[in-house]
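Below you'll find the structure I mean.
Labels run A, B, C and D following the written order; every chain starts at residue 1.
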Amino acid sequence: MLEVSLVHYIILSALLFCIGLCCVMVSRNLLRIFMGIELMLNAVNINLAAFAYFCDGMVLGGQVFILFVMAISVCEMAIGLVIVVALSRHSENIDVNSQDVLEDKQ
Amino acid sequence: MKILSLSALILLPLISSGMLFFPFFNTIRKIRCFAQISASIHFLYMLLFLAMYNPFSPESALSEVYKWIEPLGISFSLSLDGISLICAVLTSFVFLMAIVASKHHIKEHQRFYYSMVFLLQAAVLGVFFAHDMFLFFMFWELELIPMYFLISIWGSGKKEASAMKFLLYTFGGSIFMLMSILGLYYCHYVQTGMLTMDMDYIGLYNDYPEIVKYLAFVGFFVAFGVKLPVVPLHSWLPSAHVDAPAPVSMMLAGVLLKLGGYGLIRVNLFFFPDIFVKFAFAVFVLGIINIVYASCVAFVQSDIKRQVAYSSISHMGIFLVGLGALNAVGMCGAVFQMVSHGLISSGLFMVIGMIYLRTHTRDISLLGGLGKVLPGIYYLTLVVVFASIGIPLLSGFPGEMMSFFGAFISENELVRHFVFAGMAGVILTPVYMLNMVRGVFGGVLFEKFKKIERMHVHEAVVMISIVFLIVLTGVYPGSIMKIFAPMIENFFSI
Amino acid sequence: MSFFVDYIWLVPLFSLIAFLIISTGNMFVLHRNSRISAYLTLSSSFLGLVFGVLAFIYCYISENIWFERTFSWISVDALSFDFGFMVDNLSATMVVMVCFISLLVQIFSMGYMKEDPEYSKFFGYLALFNFAMCFLVLSPNLFQAYIFWEMVGLCSYLLIGFWYWKNSASKAAYKAFIVNRVGDFGFLLGMVAFGIFTFNYWINSDLSFLSFSDLNMAVFYLKDVFGGYSVVIIGLLFLLASCAKSAQFPLYVWLPDAMEAPTPVSALIHAATMVVAGVFLLARMYPLFEVSSLLMGAVVVIGIFTALLCGVFALFERDLKRVLAYSTCSQLGYMFFAIGLGAYSAGIFHMFTHSFAKALLFLAAGCVVFALGGRQDIFEMGGLRKRMPVVAYSFLAGVISLSGLFFSGFYSKECIFQAVFESGNIWLSVLFCAIGILTAFYLFRVYFLVFEGEENRSVGEVRSIPFSMIFSVCTLVVVSVLFGFLLGGHFGIKSFDELIYYSFKEGYRPSFLLVILSVCLSLSGVIGAYLLSKAGKRVYLFENLRFVVDWFYENVVSRVFCIVSKLFDFVDRYIVYGVVYICGLLVNLFSLLLRSLSSKNIGVYVVLSMGWLILLFIVLYGFKELFV
Amino acid sequence: MGILNFLIFAFLFCLILISALGVVAARSISVSLVCMMVCFLGVSGVFFSLGADFAGASQIILYGVSVAILMSFAIMLVSKKDDRVLGVSFSWRSLIGGICCFGILMILFFTMSDGGRGLPAVLKKSIHPEAFSSTFKTASELFSSYILPFEVLSLILLIILLGAAVIAGKERR
């Protein structure tokens, strides 16, 4: 009973993913939303690693993919933060609820 | 290359609509002359077809098949039969008249106007000659575009709204048609494994599942019902006519209503004869409603153009009665009614155009006593109005007579009993027609209409040729009958 | 001589050619009121008259000929409609009568319409009418009869509405056409029903479809195949048609209004020829009517009722031409009544005598109106005999003949009288006598009011009457006097009922007692009229009686029709359009909802996308069998 | 031996989840930043336990350190201006958001349990005892079958670099 099998890892990544999602949806601060996105990406990585380890045998395709995911997340984070900075310079606050430029006024 | 080629017939208007944009035609006069010349050439060429056509020889179908979209089995195939030839001749005649008549009505963008007219003519001829369902549908959609521009640019009153209404109505209808075509196409492919859009294969192959046949029939009927205004779907016609300029409404009434009728015959009747038998009474009742409803509504209208629009709805009601009779006499009556209605309604709209040009109003209460000032127009209108009422020796009578005789002979019990309701149209039509004539030409003359100018030469030419054709088909209907009658007879003999 | 019978179809053709020349000429070359059109129409009807008379003589000599030639007009597989002509005694005499009267009317109108601006159009219409009437009379089958039945209705519309700039004239023309159209509806329905019920009879009989020649065979076939009931229906439909055309009870309202037309037109159409077409149809369809007694009864009832009603209306009429119009209605009632009783040749005989006499009266009235410059109110006229004796005496001759005192009217009324008494129905004979008195009464009342009595100061100057009008009036006097006498069976000339009879020759046996009775009845009418005219000019007793029926038509019928069409218009404008409008509204509403949904801030977008994701999963999972 | 693995896994499991919750629930942004760093370290621990040592190392370097620093710079740049602490927003939106994320969790568990019929066999495989170095393996994989994505990745990084410099550079006034 006590050995750690694939399903535990998947449960872990699912939980982590949902927490990240919840962070994105709930928080008002744009930066916190970015943190949530990072959590979700890491959850995906855990999944990849787990499947690579359990099912993939010696090919380890999953681990290669983890690197790609990391790279992309870093790029996304960089651009995101720059936008946040520009946004904050533009409208003095980064509260998500107040950014309603797109709202249809009538 | 044999001289009679259908594709040449369709290409001619396209070429002339293209050529209008050459810089050579810089003055309005040149544009108009070119348009009139090419329209008359087209009409003469069409008469050549008429002369050389003998219904009994197989090669008279002049069918031409060119590969188009090979994998889907779609081919650019054209063919000819009695009914499509008659409709095509009527089309080119009405277009020639409309082009000649549009001298004073169209004041700006002549070049664009005439090219749109020729595009419309090509599309309509395409529909009549199409032998491939896809081609049929394509030309059906193509003729909407020029008509939309014609109504919305040169019209009057709230022209954009009615042009849009016309477009949406016909589009709505043609969606059903598309569904039916694709349904047939798919079923045919599933059952025979051969992917083709040709009318002979799709249409005449008749062991589709029962439900598919019903749905396809209803789909086609709705699409053609919108075009041939069947009462519940007709409300686009009056607004389109009221806001279109006179030559455009001549074309609209003279030709576009025939598309609906031609479609009903060619697709609904020839493809699904067994289902049409079941729906015969429904078609008949719709015809009756058309006649009675449109006549009553026409009586109350205050705008004469709207009255004539409703009158063309009631005329096409007689077409439906003839079609519902489902026998050779009824069918001949229906096709004859289609041709005569084409002539009559283009004549009527021509007259209304002339009156509107001179008095700038179409309201019956404001008009009156024009008979003394415009005697020429008055007498020609009388002839056309009497033709539309159905006076013998004029073109309205044979169509009506044969349709009612056909309805009486039809083996469908119910049709025989209700034919008298259709005949009520005989009383109702003169009621509003003569009321209109009395309102416009009779009675005391308003002083502001004292000094309107007499009939111009080109208007006289148009009206007299229309009246001549009306009298010719009325006195000797055999001239037209011998073209489409044999085809109808051998269809009903099987 | 048989050449004329063979080429009798030229008679209508002449007038058609005349009409075409005038109408095309009118369009381009001919000046509006040139004389050419008059001479053209005159020559065409004169040639027609010559042909007609010669053909009539041929028929008169040979024993009951039946000459027919047709060619197929429309032929669709089983059904073929034929055109052509058919000559027998009835049609030959009718052609002669029509051409003769139209010739005289055309001569009359040369003078009457001299200063009318649209002179040539008038003669064109007269030629067209002559063409349509002759072909109607010569038509070999029911289908062609229907065609020219409508053409005649069309010509009456054109001629009544000749002065279309007068509102009342165009309204009267419109009314006349609609009422005639109702009759045409009956004719069409009856013909179609008759044609189709006896369809396979016509197929195996070699004759053309619905031809008159063996109509009774077709009727017998119809009777035994479909039973008497269908015969009655078809008969009633044809009765409706003839009622409309001959202005009988339900559909007579258009005739008095038709007096808006110029007087020669009323003389030609609304007295002598067109209104007689209804009786002609009855004569042609006699085999159909003869079969069922119910139909004959209906014809009698309608005839008697119209005669009585219109007689009373004529009594209280102010307008000279309207009196004559009502008297036409009542005389036509006579003919219906006679044919209804089975007195086929008596009815036809009365038709001829009435045509001549009534045409005479109308032309004379035309002269009076022309002389007084268009005034038609008889109470404003008086003592005109001294001013225009010729017209006065010819009017008197016409009145005497029509009321059955001496001239040709006496003979035809005598035959009908005899038929009435033979039928034995007491009530009918009493009514018939009453009508006899009534006709004499109102005719002589008009005569005394207009021509006798002292000079009426409001008459004013009287224009001289041109010779052409006088000439035609006199010839008519001569004919209406001699016609009855000639065909009364004296001097070896065949009497009328030998000439035109249906199945048996009724033979004209003048019983002395009946002659005395009818003459003294008419005399009492005359004396009554004389006393009335002496007593006082104004009789307001039932002045507005005739307005009741007009009011009924004017308000009830047209009002109902307007309401129905307003209802339809309402349906069209709001319900049919409403449905479309609602669809538009729905689409609008839906798009508004969607737009508000997708335009908040970023947070909403995330939540929305997640929500749709869950929804998508649920839906896909739900229908997963479809995709597997 | 297996019990040790289980213990490590349980420790990492709790560490990651608690720190993730910390990120969400923390009032101030810097506290949530620290929790996020702890969570990343936990994740790298999981990678090591799964034998993906290269991934674990790069995780530590990449997320643990650089992203945290990046985030702190952003926080410093942004938070000076407004004083409001932008915590969790208790509006309609967040409520529905919470429900949605719970719904997605249920969906994930639902699919894991293969439509509620219990765990498919493949998920039950337990841990392999023998550890092996995967770096060599991933490197050879990276440069043999995944060479194209690798090159594309480098290109993307270059573009990101330029883009960030351009956006951050302009002083819009």
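Going forward, a residue touches a chain if its C-beta (ideal position, glycine included) is under 8 Å from a C-beta of that chain, and two chains touch if they have at least 3 such contacts.
Note that this is a predicted model, so its numbers are computed, not measured.
Chemist: Check A-D against B-C and say which one is joined by more contacting C-beta pairs.
Modeler: A-D
Chemist: Using mean CA coordinates as chain centres, what's the chain A-chain D distance in Å?
Modeler: That gives a centre separation of 6 Å.
Chemist: Round to the nearest whole Å and give the separation of the Cα centres of chain B and chain C.
Modeler: That gives a centre separation of 37 Å.
Chemist: Calculate how many whole Å lie between the centre of chain C and the centre of chain D, each centre taken as the average of the chain's C-alpha atoms.
Modeler: Their C-alpha centroids are separated by 102 Å.
Chemist: Averaging over Cα atoms per chain, report the distance between chain A and chain C in Å.
Modeler: For chain A versus chain C, the centre distance works out to 97 Å.
Chemist: Got the chain A residues that touch at least 2 other chains?
Modeler: 21, 25, 28, 96-97
Chemist: If a residue has to touch 2 or more other chains to count, which residues of chain D qualify?
Modeler: Within chain D, the residues that touch at least two other chains are 89, 93-94, 97, 100-101, 104.
Chemist: If a residue has to touch 2 or more other chains to count, which residues of chain C qualify?
Modeler: Correct list: 603, 606-607, 610.
Chemist: Is the way these chains touch best called a line, a ring, a star, complete, or other?
Modeler: other
Chemist: Going by the touch definition at the top, which pairs of chains touch each other?
Modeler: Once each pair is checked, the touching ones are A-C, A-D, B-C, C-D.
Chemist: For the complex, give me every residue of chain D touching chain A.
Modeler: Going by the criterion above, the answer is residues 2-3, 5-6, 9, 13, 16-17, 20-21, 23-24, 29, 32-33, 36, 39-40, 43, 46-47, 49-52, 54-55, 58-59, 62-63, 66-67, 70-71, 73-75, 77-78, 81-82, 84, 86-89, 91, 93-94, 97-98, 100-102, 104-105, 108-109, 112, 119, 122-128, 134, 137-138, 141-142, 145-146, 149, 153, 156-157, 160-161, 163-164, 167-168, 170, 172.
Chemist: Going by the contact rule at the top, pick out the chain B residues touching chain C in the complex.
Modeler: 231-232, 234-235, 293, 296-297, 299-301, 328-329, 332, 369, 371-372, 376, 378-379, 382, 386, 389, 391-393, 397-398, 401-402, 404-405, 408-409, 419-420, 423-424, 426-427, 430-431, 434-435, 438, 441-445, 464, 476-478, 481, 485, 489, 492-493
Chemist: Give the list of chain A residues in touch with chain C in this complex.
Modeler: Going by the criterion above, the answer is residues 21, 24-25, 28, 96-100, 102-104.
Chemist: Can you check the complex and tell me which residues of chain C touch chain A?
Modeler: For this pair, the touching residues of chain C are 595-596, 599-603, 606-607, 610.
Chemist: Can you name the residues of chain A that touch chain D in the complex?
Modeler: Of all residues in chain A, those touching chain D are 2-12, 14-23, 25-29, 31-32, 34-36, 38-39, 42, 45-46, 49-50, 52-55, 58-64, 66-68, 70-72, 74-75, 77-79, 81-86, 88-90, 92-97.
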